[in-house]
Structures are given as structure tokens and as C-alpha cells.
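There are structures below to look over.
Each of the two complexes below includes chain A, the first together with chain B, the second together with chain C.
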Partner chain A sequence: MNASRILGTALQYAFLGLAAFLSIFPFFWMVISASNTSIDIIGGKTSFGDAFSTNVTNFFTQVDVPLVFWNSTKVAVLATVLTIVVSSLAGYGFEMFKSKARERVYSLVLLTLMIPFGALMIPLFMMMAKTGLINTHIAIMLPTIASAFIIFYFRQSTKAFPTELRDAAKVDGLKEWQIFFYIYMPVMRSTYAAAFVIVFMTNWNNYLWPLIVLQSNETKTITLVVSSLASAYYPDYGVVMIGTILATLPTLFVFFVMQRQFVQGMLGSVK
Partner chain B sequence: MASGKTGGLKRYHDLNGWLFIAPSVLLIGVFLVYPIFRSLYLSFFSGKGMMMKFAGFGNVVRLWNDPVFIQALTNTVTFFVVQVPIMILLALMLAAVLNNDKLKFIGFFRTAIFLPCVASLVAYSVLFKSMFSVDGVVNQALMAVGLIGAPIGWLTEPFWAKVLVILAITWRWTGYNMIFYLAALQNIDKSIYEAAKIDGVPAWARFFYITIPMLKPVILFTTIISTIGTIQLFDEVYNLTEGKGGPANSTITLSLYIYNLTFRFMPSFGYAATISYVIVIMVALFSFLQFYAARDRS
Partner chain C sequence: MNKMILSRLAAGLFAGASLLASTAAFAGEVTVWCWDPNFNVAIMKEAAARYTAKHPDTTFNIVDFAKADVEQKLQTGLSSGTTDALPDIVLIEDYGAQKYLQSFPGAFAELSSKIDFSGFAPYKVQLMTLDGAVYGMPFDSGVTGLYYRKDYLEQAGFKPEDMQDLTWDRFIEIGKAVEAKTGKKMLGLDINDAGFIRILMQSAGGWYFDKDGNLSIADNAALKAALETEQKILQANIHKPAAGWTEWVNTFTSGDVATVTTGVWITGTVKAQADQSGKWGVAPIPKLNVEGAGHASNLGGSSWYVTAGSAEKDEAIDFLNEVYAKDIDFYQKILTERGAVGSLLAARTGAAYSEADAFFGGEKVWQNFSDWLAKVPAVNYGVFTNEVDTAVTAHLPSLGQGANVDEVLKAIDSQAQGQIQ
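Moving on to the complex of A and B:
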């Protein structure tokens, strides 16, 4: 091994080490800061303090934690299940029952990928106001269910679904919807798992639309609570940190348990 | 008889096809297609709240005389013009290094660099706000290593506030882009690199003359989706600046301005809808570029 090669390897490690450090530091900061007072946090204290239980107590007195957590979980899980069921039906339908007319519809569906949310929020808000759905969780979920990304993802994945299975099921006299629910869904479970991870993360972290629609404390989700705690004139950062930890834990958990599906879903849903 | 049977089969096939796609198509129609035309329609009206009157292209004229809109547009463009190339280059370099299986702890590095993608946009914005306070941990660290002499007002000086937004987005999305490059690099035949090495091609030249050209389609793809994402930037600036886009509108984006026009004060639905169409046009331009490039490839 010559000197320049050793230097090259050292540089690579230094680069990766720095990148890894910068990537992890904010998470570390979040955990450290949860045990510090607000003054210590904005003063840049990087060691554990003894304010953890005070911060937790203050967070639980200021926020109805079980309710907020329930709101977030309910919205994220329901919206995710609905999204993947509805989108996989469509992905399967487009791929298994091809026709010229449906291909045209599919092109239009893909075209909706480029509609930015900023251009939808005003009409959607007016729609929800007219139907009296403002401040309800249904209003949060409805516009998120139809997703061209996930339809596309399921259509691409359906190409790998063995048609012999479908033919055999047909011979056995199964109806199309039975084939979908009893054969396609179980066979494609890894596709579903990857889609679940991606859609769940999106829904859990959803912000702008809930910010517009949810106006009372009884309906707010964890992201909204963290945001409003942090935008106070003098935010208590110790309390805010408890909130960011609670907001991040479920997605971190999903990530570490299903890392493979996570990466697969991310690459697949946009490829 | 035979033709009648195939006709029936065909109808059966057709009916099932429509039934399977119906729920999605219906939802897309109601919650995407209808609203996008509705905002186009609204953009021809002016006035506050529900008191709206037809204004023709009046809102478009108003755009060019609105300094806040010009500022929001300039900021949005600045963010993607500066941030996207930095992030893409960084992600490429990380992927190139991480593709080297001979390095130790590669799994740890990959996971660590990917980890920011898991953070919610609100949570990490709030964390960054606390880290970048005047006496905060970042200023202290920069002063300790001697990079700066006095604390930087990340949240109070217009220039540094923009830098902070760019740093924040880069932190959140570099690992995301890196994953795409890593996946693409793993499909490249390693023998090309071996051959170049034997021919004495240095590492930086292998990066610029082999890695980048081979990844061109993925680079183009990620550049466009990152640009489209940045055009719609909202969560980060809202949470770093208490929803104001300050100081002095230096970080206000188009989406934040639309939000403020509609939901912070007495709503100007028509004018806000006009601004939203500026985003539509910008996103459409980049999307067509993407479709065009993808068609070119296949």
C-alpha cells in the first residue's frame, strides 16, 4: 500500500465520518435537550441536564398527550390503509384489465402527479367549509387517499404477479374481487409492506393540510402541537423537545424495523 | 354463438377493469382535478372573503406590482438554484464513497447518512431553530474552531436566514438522493472501475468521467424532483420563522405567501389562487422536462 492510497482512504473515512456526525447530531441534540431547560438549550449546552422530568411534566400539563397521539395515529393509520387498498385496486385494475380507454385514463392519472398542493389548498378548503367538514379528521384524510404515486407503484409491482395464479383461481371459479383479496393481496404482501411504510410516514408527518383544516385543540395532531409550541413568542424548548421526540419515535421505529421495505418503497414509488 | 360468448367475456373484462379503478379515479377527480380547475377559475376574481367580483387578468397585473410576491418568487428561485446543485453533488460524492465495499462500517455510515429522511419536516425545523439560536450550539462550535469571530444571527439577518433554510433542506434531503445513486451505482459493472484503476485513472477522474456520466439519467431525475419539491417549500420556512418568512420577508416562499394571504388575514382567495398558478406553471415546466428526458431514454 502506497502513501497516496492510505491518504485517499483516510480522506474517505474523514468525509463519511463528518457526514455521519452531522446527520446524527440533531437527533442526539433532541435527546440531550429533552433533559435541559429552555435557557440551556438556546445557550447551546451539549451535556445531559436534570430538567427531563420537569419538561415531561410540563408537556403533559400543556398538552392532552393521549388525545393528540390518538388523533395522529387514527388519521395516519386509517388514511394509509385506505390509500393502499384503493390504489392497489387501481394498480391491479390498470395492469390486469388493459384497454385503450383505460390506458388513456391512466395517462391522465399520471398527469396529476405534477399538480402542486399549493394550487389545491384554497378550493379544497372552500369545499370542506361548504360541506361542514372543517375541523374533522375526515377532511384531513379524503384528499390524501387518491395517490397517483402509489397507483403507479402498484401497477409496476403487479407486472411481477404470476398470471398462472390468476388463471388457476379462475378455473376454481373464484370471482375477480375474490382473486384480488384472497390471492393477490397475500402474494404481494412485501409490496404492501413497502407501500405502507412510505404512506404512513407521509401521513404521520403531514403538516400544511392539517394546519389549514384542524382548528381546535381536540382535533390537532402531534405535528401541529409541536409546531404551535415552538412558534410561541418565548418557546419553552425543553417542552418542545419532548414533543419532537414523541413526533419522531413512531417513524424512527418503523424505519428501524422495516428498513429494507422503507428503501424499497422509496425507490419504487418514484422510479 | 361463439362471437356472442367472446363479446360477453370482453364486457366482463371491461366491467371489472372499470370497477377496480373506479374508487381511485373518482377520488382523483373530486380532490385533484376539480380543485385545480377551480383555482384557475378563482384566479379571475378579486376581493376579500366571500365578496368576490370578476377581475379578468387584474390579479396578474397585481402580481407584478406586489413587492412581497416578487420577493417570494425570488426567494423560491434562489432556494432551488443554490440548494439543489449543492445537495446533488454532495449526495453523489457520498454515494461514490459508500459504494466502496472495502471500507469498514459501511452499513453504519449508510444508515447514519440516510437517517435524516426519517425526521418529520416540522420536528427537524424546530430542532434547527433551537440549534441555530444566537448563543446556540452551532455558533459556539463555529467560534470554537475559529471559522467565525462573532455569533451569526441565523434567524435575524436576511442573508443568514436564507443560508439556514438551505442548510436545513440539505441536511434533510441529501441522504434521500444518495439512496437513488447508491441503487444505480450497484447496477454498474465494477470491472469498468477496475480497468480504469489499472490504467492509472485517478479517483477524482473516475468520479467525473465514469460515475457521473453513468448516472446521468438518475441525476436528472433527482434534480427535477428536488427542484419541484423546493418550489413548493413550506413546512421548513413556516416553522423556522413562526410562519412569517422573516426577517423582513427574506425567507418567504410562494407557498407561504399563499397560506398567509388565505389563512392568516381576511382571505384573498382569488389573488392567492393566481399565485398558486405561478407554482403550477413552474412545476409543469420541470415535469415536462422530466417526461421529455424519460422518453428520450426509452
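Moving on to the complex of A and C:
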């Protein structure tokens, strides 16, 4: 009994260790590569090199880093805030207001999850072209704001929201939007945090749609810049790795800052 | 108080929105899409600088995307029919040119009436010709050469003269001798890349498609000879296997192999190994044993196209004509600074093309490449080169296991037929 328990624990640790290795190794490799020259990277060098500062200097001379980061941050933060406001209102609405058509409309919203983006791309592009929004950051954000997945996520989480709170607030004379802003939002803050992490990562890493819409060097986001560096005939992999590190840092930062709330939010807790 | 919060929120949103609104498109600005900041982008910037020096009213907006991204954007723009979302000039890889020309008729400006194409390498002009009209401006060439390590070959008893006018059979014999004497393999070979097959096939004037663009696999003598040659090399075991591009490059940068057969654009990578200076030579590639076979071929390369709906169409065409079709000095500069070999044959008269290269032991390599450039057989890349390439790649590993080449051809044929439909 005791022996099999130890064996079980050992297996568990072995499995988790392997999983952790598989998750962490690409990051480790990225950091190692960033400190080596392109030739060393191609040669398969697995130890730290001394080219880190050269790579950083090259990256900063080849790329207008402040502009690119400003573009990415602007798009990601604004799109995330708008998505969360719109989609949490929708999720709240779907759960709180009862009507005959509710489930049908909700199914329709969920159905949109099944349409691949490739099918929407050309119609969306034509809409943006006709409204003159091509090559603007608004065009990147607009199609992402009403996110079916986040609406679904908020509706599911709202099921755990105690309706007594809403009833009590109503008795106290609060209007619906006041209940939403002053009671629902603070109570659901871990849900909001989790949604923020998910949406921020999606927007920060968004690639295909910005690629289609953006037409100039001045509007490009970090993902497009790294992609362009990597597709050279002879990519300077050291520089590309600096780019990927810088592109990864903000999502890591957001995740670690909100880690606790994220986990709580994913577990569906209400405080 | 609550209203204030709402109105502040709204004001914030509007302020954010107006900050984001910015538009492109100014009159007289030529927009160019291309990939590779150190190659195409840098070269286009040089070309633009030369043009604006004489035409100060024209400005350029050269936008840098990954190659797959340029293709994706072009495809979306053309499919949606919104021409104002397209650039004025776009770079297209040669293998894909006919796909765009034939899939989107009228999307690209016909240039044959405005530009004299007689000065360019014929095969480059041919690949952008549809129904007798030329639609592009030939740009960089992938004319091929046989780069070889003089030191290794000398150790095995071969002089540079012995490397001229080779056949592939002789190449394999030399390879065996080199391995016996030096322990080095003759070439690096990636069994999951059909580039080598394409070089060999085009050197005999063949391609996956016939002159009319119809699929030609099963009774394609050039393709068959190419596959047979690769099989002989694999069976003679004179190759160092490489998985993927970087590993393949590493086979010769590390000094593990004695030769490299590929496009001229590899020169910069070869020369980047300063410690190997003087040890390399360049010869014409060996010849296949079929009718029409020669020593000149091509791998890769791309060209510029002007979109037909462009507002700056005439300006764009005039720009391409003035720099890419006439400016010999421009071609010297891009050769020296970027290692780019253009397709304008007259470029060879310039100083950079005439120079003897110390890295190659004082050989006039650029004059040689220019000779071969004019001799590259013109073939029809057709609409589906990339699709057929996938089918070929899928069957290359079986060659090494001794599969019958006719059977392999049949298998490629049926897979290609399936992919094209």
C-alpha cells in the first residue's frame, strides 16, 4: 500500500516534470538563442553566448521599437477593455433577463464560434475597405469586441452570481446599470481578471487579421514585425529571438500579475 | 455624479477612437509590398532613392511583410476586389507568378508595350508572360552554380579544370574519390526538399508542366533523369543528410561537404565564412544525360508586378523602367551591397560584375554567373508548381530505399492530379 503510493507519487512527479520541461524548454531555448549569433544558432549551440547585446542593438536599429510597442499596446489594451465591457454586459444580460427568445439568440451567438475566421476574412475585409477603415487600428479591434466565447464565459460565471444581491439592490432603488457597475463588477472581479488575461493574450498575439488590415510600416504590431524579420532569406535568428522575447514579455507580465485572480476566475469563484 | 462617470467613459472612448484613425494614400506616393528587410526591401529603397533623385515629386512607401504575409494580403485584396487596398507594386515569387496572372486576369498591368524586355534573361521574361503579353519587371535571379571546395578536391586529386563540363555520373565518381581521400561527403542533401530536383529538371528544359501549362509527370524525361540522379547520389552515399534549411546550410558552412549546387543567392552565405576564403571555386552545374540538357539552371527568384487598378500606375511603371530596365550602376550597387544578381544581362558590363573575387581565388565569378544567366532554359512554371512540388517531396524518401523511378513517377503523377483538382 505504502510502496504503491510512493510509486504513484513518483509517476505523478515524473509526468508533471516532463510536462513542465516541455512547456518551459521553448522559453529556455529562446533565451539561449537570444544570446548567440545566427551562425551559432544554426549550428545548434545549446549554451549561452556573448552576442546578446549585439542582438539587442541590431533589433533596436532595425525596428522602431517604441512605435511598434505603442501600436501593439494600444490595440491590445483598448480591444481588451472594450471586449470585456461589451461581452460582460451581454453575458450578464443573457443570464439575468428572462425572455422567450433568449436561448435562441444565445444559441445563435454560440454558433458563430463555429465559423472559422478564414471564411469571414474576405467579407470583413470588404466591409472595412468600404468604410475606409483599412490600415487603421480600429479595423483590427471592431470585429473582436463582441466575442462569443467571452459572452459565454461571462454567462456561465454569472450563474454563480447570487441573485439575492441583485434583488436587495433593487429594493434599495438601484437601477440596472448601477447594479452592474457597483455590485456585479466588484463581485465578479476574478472573472474579469481571468477574462482580461485571456482576451489580452488573444489580442496581443493576434496575427492574421492585423496582417490583412494593416498596410503600412507605421501601423504594424509586434507580431507582424517579428514575422517579417523571421522570413528573410537569411534571417538573423539572434535578432528574431530578441523580438520574440520582447513580444512574449507583456503577456507573461499580465499573466503573472493576475495569476491568482486568473486561477480563481477559472474555478468560477465568487467572493 | 453617475452621469458624469458615463460621460467621462464615453469621452475617453471617443478620444481613444480618434487617436486611432489614420489613413494612408497620398497623391504621387508609390506603395510597394515586399519581404526581407536586408534584401528586397533594402534594394527597393535604393531603387526608390535613385528615382526620387531625378523625380523629386514622387515619394515611396516601401512596406515590409513576411513573404507568406505578402501572398496572404495580395490574395485577400484580389479576392475581395477592393483594388484601393492593394499596393502599386508588389513582389511575387517566380514559381507563383502564373497562378496570380491566370487566377486574377486583369489584376496586373501589362508592361510589354512600355518596357523593352529584350535585354533581360529570356527565362525570366517567359515566366511572367501570359498570352504573349508581359506582366512584370524581372528582378533577382536564382541562376545556379556548382560551388566546390578546391582544397578538398585537390586532396582527392582533382584540379579546377576537372570540375568544368561535368556530367552527374562523373560528379558521383568524383564524390566517391573525395570521400575515400578526405572523408568528406560530396554534398548536403535534404531528402524532404525538392529544390535539387527542380534545378536538375530545369537544366534540361523541363518542368512539372509542358509549354502549354499542362501537367507533365509520367513521361517527363527531364524529371525522370533528375529523380534517377538523386537516387544514384543517395545510393552512392556521397551525401550528408540534412533535415531542413538551416541544417542544410550548416553542411557547407561547417566545412563538412565538398560542394553545393544551388542558386547564386547562396554566395553571401558561402562568403560569410571568412576563414574559408580562397578555398572555394564555382563551376557550371553538371549536366543530365538527356536530350536538351545543359549546364545552366535556376532556383527561386522573384519579380515586381504593378497592380492594374493602381492610381499611380504610370508612375510605378516609369520607375521600374528607369531603374530596373536601364540603370547598370544600380545593379552594381545591389550586387556589391546585397549580393543580388538581377536579370538585366547588360549589368555584366559594370565594374562590380567584372571584378575578380579573392574569396574564390581570383575567379571572375560574376561574369560566369552572367554567362549562365543568359542560358537558363525558359520553362512554364504553370499555376500549380507548389502543389506538384509537395507531391514530389512526398515521394523523394522512397528513392533512397531503391524504389523504381517509373513507379515513383506514377505515384507522383496520381498525387499531383489529386492535388490540382
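By definition in this document, the second predicted complex is superposed on the first by the 232 of 271 C-alpha atoms of A that agree within 3 Å, B and C clash if a C-alpha of one lies under 4 Å from a C-alpha of the other, contacts with A are read in each partner's own complex, and residues count from 1 in each chain.
The rule is simple: a contact is a pair of C-beta atoms (placed from the backbone, for glycine too) under 8 Å apart; a residue touches a chain by one contact, two chains touch by 3 or more.
Here the structure is a predicted model, which means the values were calculated and not measured.
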Superposed partners chain B and chain C on chain A - clash or fit: clash
Contacts of A:F52 with chain B and chain C, given as first, second, both or neither: neither
Contacts of A:H137 with chain B and chain C, given as first, second, both or neither: second
Which of chain B and chain C A:I122 touches, first, second, both or neither: both
Chain B versus chain C as contact partner of A:W29, first or second or both or neither: first
Partner contacting more residues of chain A (chain B vs chain C): B
Which of chain B and chain C A:S216 touches, first, second, both or neither: second
Touching partner for A:F69 - first (chain B), second (chain C), both, neither: neither
Partner chain(s) touched by A:S99 [first = chain B, second = chain C, both, neither]: first
Touched partner set for A:F161, first chain B, second chain C, both or neither: neither
Part of chain C, among the options 6-14, 24-32, 78-86 or 276-284, whose backbone runs into chain B after overlay: 78-86
Contact residues of chain A, present in both the chain B and the chain C interface: 42-44, 121-122, 125-126, 208, 212, 227, 230-231
Contact footprint of chain B on chain A as seen in their complex: 8-9, 12-13, 15-16, 19-20, 22-24, 26-27, 29-30, 33, 41-46, 86-87, 89-90, 92-94, 96-99, 102, 105, 109, 112-127, 142-143, 145-146, 148, 151, 176, 180, 201, 204-205, 207-208, 212, 223, 226-227, 230-231, 237, 240-241, 244, 247-248, 251-252, 255, 259, 263, 266-267, 270
Sites on chain C touched by chain A in the complex: 2, 5, 13, 16-17, 19-24, 31, 35-39, 61-69, 72-73, 76-77, 79-82, 84-85, 87, 246-247, 249-250, 253-254, 265, 268-269, 272
Chain B to chain A touching residues, read off their complex: 13-14, 16-21, 23-25, 27-28, 31-36, 38-39, 42, 93-94, 97-98, 100, 103, 108-109, 111-124, 126-131, 133-140, 171, 175-176, 179-180, 183, 203, 225, 228, 231-232, 234-235, 238-239, 242-243, 254-255, 258-259, 262-263, 269, 272-273, 276-277, 279-280, 283-284, 287
Chain C partner contacts - residues on chain A that touch it in the complex: 39, 42-44, 62, 74, 78, 82, 121-122, 125-126, 129-130, 132, 134-138, 178, 181, 208, 211-212, 215-219, 224, 227-234
